[in-house]
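Note that chain A is present in both complexes that follow, paired respectively with chain B and with chain C.
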Partner chain A sequence: MKSSGRVIWSVSQTVGCRRIGIVGSRHLSTEPNIQKNVEVGTLQEIQMSVAKQLNMKNHLPSPMSKQMETLGELVTLIRDPMVEIASCMRVIDKKLPTLRLVLWGPFGTGKTVTLNQAVHHAYNNNWAIVHLRSAMELTRRVKEIEMSSFVSGRINDPSNAVSILQNFKQQNQHIWKLLGDLLTEKDYEWSKSERTMQGKPITEIIEMGITAPYLASDCVGALFRELRRHAKDDKLKVLVAVDDANSLWGKTLVKRADRTYASPSDLTLVVHFRRLFANDWTNGCVLMVADKKEVSDARNELRVSRYTPLELFGEEGFEYVEPFVPIETTNYSESETDKIYKYYVNKNWLASKAARSEEGRKQLMHLSAFNPYYYERLCAFN
Partner chain B sequence: MHRLRLISTRGKSTLAEKLKSAAGGADYGKSKQNFASGSITAKDERGADFRELYVMPKRKLRGQTQLEQATGRAEYKTRSRFDIADRLAERPPRSEEMDPEKQKWSDVWPAARTFASSVVPLPVRMGSRPNVEKRAPFKKEGNLELVKIPNFLHLTPAAIKMHCDAIKKFCTPYPPELLSKSTTLPIQVQYSTYIHQGTNIRDIRSRVVTMIVDVESLKLGDVAMEKFIRLAGDRFDEKSRELTIVTDRCHTRKQNLDYAYYLLTVLYHEANKVEQWAELKERSDNLKVEFEGSSTKTKLTELIEKAKTAGLATDEKSIDEFGKMWKEYRNTEETVETTREYGRQMRKLLGI
Partner chain C sequence: MLRIALTRSSRAMSSTSPPAVSESDTSVRKIGKALETYLKNSQQHVAMMEKHRADFETGRRHLAKMMSLDIHELDQAAIDRAIQYLFPSGLTDPKARPVMRPPDEILPKFQRFTFDEEGKPEGTRFFTLNPKIYGLLSEIGVKTQSVMKFYDEHVGSRSVNRSDLETANLSGSQWITADKMKKKLSEKFSNELYGQVIIAFEHLASLPGSAIEQKFLSEFREPMTASTDSKLFGLAIPNVQTCAETNRRYAEVTTHCKDTRAVVKVTDAGKGKFSIDGLQLHDFRHLQSREILLAPFIISQTLGKFDVTATTDCISNSLPEAPNREPLKRTGGMSALPRAVRHGTALCIAALHPESIEPLRLSGLLTLDPRKNERSKVNQPGARAKWIWKRR
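The block that comes next holds the complex of A and B.
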């Protein structure tokens, strides 16, 4: 068992991903085409080094990221939405406009986890990754603002812009060389002294933004523009993964000089991300999460907000992102809970005798009402 | 103190003497007299008075008489009650006298009246007791609760039938046009008539008229229909396509009915008018979100064109079907099912 595991480990190093069978014996498909290695119902392990590069610790939901640290590994269950996303990503072509996918579903059913799995899938296929932890950060967690010098009336957000660029740099280390070969289309004059000339690698734009925060918002726009252009030219494929994407059409907490709230379309970063959602470019996939945290009020206990895309994106946002393919995330089926249960038992994460019994297995399943979030929470305390 | 004085005064009276002798009987009085006259030695040799020994009273005790009565040694006359004559003079309740099978109830109770326990031959009970299992609710006799509530004892099926038979000669046959259910007439008028006991035969509520109009039979054009719906506001029910006008502002029903017809006429002619400013209407002013001319449709047709060149198996014909679904999705309340249907149609359209 141990020796065979070692062999598999060495093979999997080359691919950067392992899949785990139900009983815990880890096996790997030997198919050369990585595109196809997404199978429903398998436990997929994302290597810790890869998880670190993809900044999973920040991007995953906090209980999941804590579990990752505790168990020392990141194992997720491949479910139907992920398979569908993988099959959609397979059809992406340079002639085809960007395919837009919206993940929707009730609380705790794995929208964010599926998004991270998709990011990992893009990593495996050497795609460029534009991953935003939460669009809500751009509208509601704006620490400092600057008025844009590029378009009057726009509000720049240097700190978020820098973190977007840094995150992009960290997540795209696997294709950093390729990005270095891609050249800029035109001269960018950031300020009187700083400029990026035509024909320079686009990584320079990123470095420029990271070193000079007051230019970062414009650099994000330029980077996205170059990415779109190069994707059109079939130099690379781009995955845009935005969590809580409906917040780009939500409310903001940014105040203008006259103390009114700015609309989201006044925020530079929001505008840049919206442009990524437009279908005027090809060879890319835009994966959005529609999350009800934008509309629900934690202090209003009576209102039950809907989690369906039209309700969350609003008419304006909905018409902007249309046509898209809605992908629903659902609660676990019984077999899926069993897989997770067996994994936890094998990892001794479920330690108590009661939890490891047949009775305990059923109780965990039904107490959580098959909701993945609550199932994980229950398993963490048994 | 008072009582003692009374006794003492009685002791002197002649009436007291008489009563004493009556209670003691003739002998008692005689022995007394004998004592007084000295025929019986009432004193012994020492000159002390003779005092009779009291063993028991000189009459039969109640226990004794009861015992005798029980064993049958003594016969006792049963005496009728002192007010037997008064009681016999009173008539028993009518409900006990009547034979329910032979009696015609509508004669006994011809019209509405308050409950009378003596008349109604029903063992009804009413009222609340704390413990109904132990003690049943109060009987009908002297029961005020039964008197308070309205009753319909004059409206027995037999009585109603009798009434109907009596007024049948005034009825006309039901219009044969209305007998077949398939013909729904375009205008329905509803009103209520109120009859109740009281000094006034009028009721303020009877003036209200409700008119329900089948809007489809007005045969309005698309533009006129939209204007009609906007003018009618919440009086128009989109599901049943019916307009409901309720008029109650005039004093009489006839005036209100006329007013309802007037409103309908005005609404119809106003809807058919086209004003100059109506041409300024934009797409966003539509009552419903239309698929035709929407940005979604243009984007979709473009996408399908490009997808065809990319080699995806797109289904062009299903765009009409998608449009129908899209319109319904956008114009009705969004549910999980409609979103799933949206996804299904979208996948079919894109050939994923």
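The block that comes next holds the complex of A and C.
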């Protein structure tokens, strides 16, 4: 597996390099085209209807989604990491085990935005999308807990499970009909009264989970299991996009009956997602984000924590996801800031005279330290 | 040795004294009043210095015991550290802080007369007690005479250069101050004497023909306006150096703000990169920090033209701490660390890019911020705060 990963890595490198040569002036690619590949350096517009279906408002970083609402459109810059992801997604087929990609990089360099671009790319290519806003929600933001009846000692998380299923339903409307044609492998006995028979469409599992929250956690597991099986049979391709994926091996705030903190492997949803990460299935792509928010102290304003995958996943997690393709996100180059700057000027988002001057352009660039997040923040209150 | 020399000299001076009386007290009594006083003062000074040296040695032993050090380990640097620890002082002026140094270094020096091999005082003006300044006065007098004579002889004649018959050109300069003159002549004198010298100088300079003494006069003049360096509070603008390997110009300076000390190096022909203790600009999360760091570049309009390398540490970390306490481990904060780096950067930019000195100076970036955290007082919760008073 490792060697195949390397091959893909080199392929993506060459593809990315070739693209850079092609790029000339800025142009907006508004028409989502399945065959057309992403080009580095273009400003890509995601149509609002699509953004609404993919629930971008929740999944994007909050300043970005606010900008989307203000400007009434969602335009993002295609950068090298996205091109690499796209070229990796292109090689995926029935024979190849799931390809694991880890997006890593310093704060604010566009890990989450790239993830959302990849989700949009999967949407364009009619893939099934399993998108988790933040794995930290499964470990640290658990509102209510239930003990699992399926495996003793496991902790269910009904509210998060329902939201995962609802989100899956919303994001996969483009292939909902296809999902309706996929049938379950076996009988699922959720409880004494509720059960799903063999040969029923897998959308029924989703509906079951949404209507009965106390079954939702198990439904998520069943859904993922069916998706993996159908992907293996080449019925569909699956993109698993998990933000802050290293939190699945982090710490939790869920308390057991004896008031100790539960380990992440006790949580049902965490276990289900980890199973998706295993590369024992084919025809899928697992895109993970390694983010420092798991390890860093949000109140410490001076400490600079590390952001490399090994530090963030920890030894256990790193061994679990190990043959993976690392994709680093970096700060803007000068030409990239110029593209964003011109876009903001055209949209009149940069309205003041000082900001539109040459000196203003330079100051914005350097004051933001070429960091995409800081650049957006600076441009928002100039 | 000194005494013998003095008695000899006194013998040489007083020609009326009989040669039979030589090594006795009577000869001392017969010498002049001034020399008698001098002799007394000299002896007193020697005795005082002896006493202070002994005191210093005793003090050093006590200090070594207090700091549980061997006496041999207690060199001057160790003494300074110990004094700083035992008598912590928040006074800004270094001269006002407690100090323990060998008496020869800090006590006022005794001005001795010099004598030649025969025991005679050197120079003919030794009796004035201020031989150098009186010598200068007399030299001025001689030169004044010669200038007047020169003018009288050559006025109207064509044998000399016309410019020599004018007054000396002293524009743009002023007479050196009393302190500087004292240093120049290595002699102490009163303000009245200084005034007399200046009057004599003014008279000489006002004479027509004083241009021939231009060189002599300009020795005692200094430029009227000081250079930009002396205008700055704190550090001066550093010198530009050239890296031997990369052949790029750079300037380096060490400065501080509050508790943070920063060694800043700015290199020419860069790309606007920062490396502050290994951190880049985007590692400074707050806009305030980045604004502070970039302020000198924005003002001098050199964004992206210089590279900055800096290392910082906290001054209080290096101060001596009681043996039973953990050493402090502080780091610079969100604003003080960038400010320390900013001052260093501004100075280096002023060195590398002299056109921007004036804007940088006007915006106050070349000025050191000397403010420090005020020390907390004994029996008080803070520097100024008092415990709440409560009726018992």
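Note that in this section the second predicted complex is superposed on the first by the 343 of 382 C-alpha atoms of A that agree within 3 Å, B and C clash if a C-alpha of one lies under 4 Å from a C-alpha of the other, contacts with A are read in each partner's own complex, and residues count from 1 in each chain.
Following the convention adopted for this analysis, a residue touches a chain if its C-beta (ideal position, glycine included) is under 8 Å from a C-beta of that chain, and two chains touch if they have at least 3 such contacts.
The structure displayed is predicted, hence computed values, not measured ones.
Engineer: Using the touch definition from the top, say if A:E311 reaches chain B (first), chain C (second), both or neither.
Structural biologist: first
Engineer: Touch test for A:T329: chain B only (first), chain C only (second), both, or neither?
Structural biologist: In the superposition, A:T329 touches no partner, neither chain B nor chain C.
Engineer: Figure out whether A:T114 sits in contact with chain B (first) or chain C (second), or with both, or with neither.
Structural biologist: In the superposition, A:T114 contacts neither chain B nor chain C.
Engineer: Regarding the shared-chain residue A:K362, is it in contact with chain B (first), chain C (second), both, or neither?
Structural biologist: second
Engineer: Just to be sure I read the superposition right, which of the two partners does A:N279 touch: chain B = first, chain C = second, or both, or neither?
Structural biologist: Only chain B; A:N279 stays clear of chain C.
Engineer: More residues of chain A in touch with chain C or with chain B?
Structural biologist: Between chain B and chain C, B touches the greater number of residues in chain A.
Engineer: Just chain B (first), just chain C (second), both, or neither: which does A:N156 touch?
Structural biologist: neither
Engineer: Using the touch definition from the top, say if A:S148 reaches chain B (first), chain C (second), both or neither.
Structural biologist: In the superposition, A:S148 touches no partner, neither chain B nor chain C.
Engineer: Touching chain A in the complex: which residues of chain B?
Structural biologist: It comes out as residues 289, 294-296, 299-300, 302-303, 306-307, 309-312, 329-330, 334-336, 338-340, 342-343, 346-347, 349-350, 352.
Engineer: Can you tell me which positions in chain C touch chain A when the two form their complex?
Structural biologist: The contact residues of chain C facing chain A are 272, 279-287, 290-291, 294, 297-298, 301, 303-304, 331, 333-334.
Engineer: Quick one: which bits of chain A touch chain B in the complex? Just the residue numbers, please.
Structural biologist: Residue positions touching the partner: 87-88, 91, 93, 95-97, 104, 279, 282, 306, 308-311, 315, 319, 322-328.
Engineer: Once bound in the complex, which stretches of chain A touch chain C?
Structural biologist: Per the stated touch rule, the residues are 106-108, 301-302, 304, 331, 359, 362-363, 366-371, 374, 377-378.
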